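Everything below concerns the one structure shown next.
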Amino acid sequence: MSAANEECLLELRFPAQANRMVLVRDTVRSAARFCGFDEPDTRDIVLAVGEACQNVILHAYAGREAGTIVLGLLRGEDRLILRVTDFGEAIDPAKIEPRNLDELKPGGLGIYFMRELMDSTDFGPSPDGVGNVLQMTKRKGSARW
Amino acid sequence: MSAANEECLLELRFPAQANRMVLVRDTVRSAARFCGFDEPDTRDIVLAVGEACQNVILHAYAGREAGTIVLGLLRGEDRLILRVTDFGEAIDPAKIEPRNLDELKPGGLGIYFMRELMDSTDFGPSPDGVGNVLQMTKRKGSARW
Amino acid sequence: MVEAVREEQGRLVIGLDGEIDLDRAPKLRNLLLDCVGRGRDVLVDLSQVTYIDSSGIASLVESLQKAAGNGTRFGLIAVSPEVMRVFELARLDKVFAIYPDFDAAKAVVS
Amino acid sequence: MVEAVREEQGRLVIGLDGEIDLDRAPKLRNLLLDCVGRGRDVLVDLSQVTYIDSSGIASLVESLQKAAGNGTRFGLIAVSPEVMRVFELARLDKVFAIYPDFDAAKAVVS
């Protein structure tokens, strides 16, 4: 699943349950530091992964037994690639859109956060035919707004 | 792979390379705290996993391309279970013995450490037919010598 | 992980710490809405919070809206830089009343 | 991760920090053996080391043995409790000369 210039650092598999997220965040934090990201970037990466997994927990497995999340951490030359795979129903990527922030309401920030925090986010059906893959990329030294 | 009263916290897969160990240790540390282990026990668990993975890196894949390590973290009622799987040649478990510490020499401490630090360590061929599984258990509140 | 509620000069001050995520947000939401429901001004001390995600933010937004409906105040005090980053990201840093400390919050009349 | 070598009153003092594992042990081994090879007493400051595994211990044992062969001293100073635990586990806490600080190590005549 990785291009020639992408190296697998680590892959995590865990049940899509909220109480696992603290473990996942610790691992992602460690991986971001390992890749040489500074603390603000590291926090941004951790938040983006938190939001991605949260969406799997809340939406991908909504109304059925909690499935598995696979989180792949890959290192490119100048970037960290995070690949979140679920095994839920395939979702139309067009439906995964940020909402307008001008309206004050609880919720609906996850997709927006991920897009703001990362250099790229791509959501699509899993190449294996079951579920979805959200791939996010963070480049080193990419400007924070 | 888990009994009824064992719950999978997290599974890690990573290339058997020494530079991955810092990430693995951070995850294990986080999991041990998550399970309520105190800091001395947490350090012991982290060291035992470090030694187990080190042996896979040094011995299981010796003389061939570095393979994969799978580290399963499972929680039992009163214990953390750590399962290290390699995909190297099946090893006779009788060969996995601690050495006599009276002789001063560099090396040969890993097996001894794991046995001392954990409540149980069991090495055997993988049930899948390829490689080996080392399963270690740490009970909560188990006395430190 | 502690959620401590104290009364200070007629206001309820809620001190949070650690990481506020999906696992913790439901309990936090209940606590905040319950405090706001008591008809008192509520201040949430975020100085010890090192992580907050969209689910934690949602609980705060919901509480702010409930307080507005009640005609009471809902403010944040001592927001840590890590958390402020997330409020800025959500463009909520101007929506919430954010004070450096309790005394500054107190100085603003209801 | 720093390995700083300084000379102090005729001895080589090597300050280590962080986590000493299989990834770092080969480089550490070279450094230690090189220092011991200079024919001087060597002291390794372990106060900032938070983790050491069997590969790090092996480098220290090998250096101790080389120093013994040379007739020079090889000692440890300010061993952190985390590291002392591992020396005790390996029953090496009585094998190595371990001093609370540089002055205590210095006071022992070669």
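The letters A, B, C and D name the chains in turn, as written, and every chain counts its residues from 1.
FYI, contacts are C-beta pairs under 8 Å (C-beta built on N, C-alpha and C of every residue); 3 or more make two chains touch, one makes a residue touch a chain.
Being a predicted model, the structure only gives us computed values, none of them experimental.
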Fewest touching-chain hops separating chain A from chain D: 2
Gap in Å, rounded to a whole number, between the CA centres of chain C and chain B: 43
Between chain B and chain D, centroid-to-centroid distance (C-alpha), Å: 27
Where chain A touches two or more other chains, by residue: 22
Sites on chain C at which at least two other chains make contact: none
In contact (per the touch rule at the top): chain pairs: A-B, A-C, B-D
For the chain A and chain C complex, residues of the former touching the latter: 18-19, 21-22, 25, 40, 43, 46-47, 50-51, 54, 57-58, 101, 104-107, 109-110, 112-113, 116-117
Chain C residues touching chain A - in the complex, by the definition given at the top: 19, 21-23, 51, 53-55, 57-59, 61-62, 65, 82, 85-86, 89-91, 95
Of chain A, residues touching chain B in the complex: 8-15, 20, 22-24, 26-27, 29-31, 34
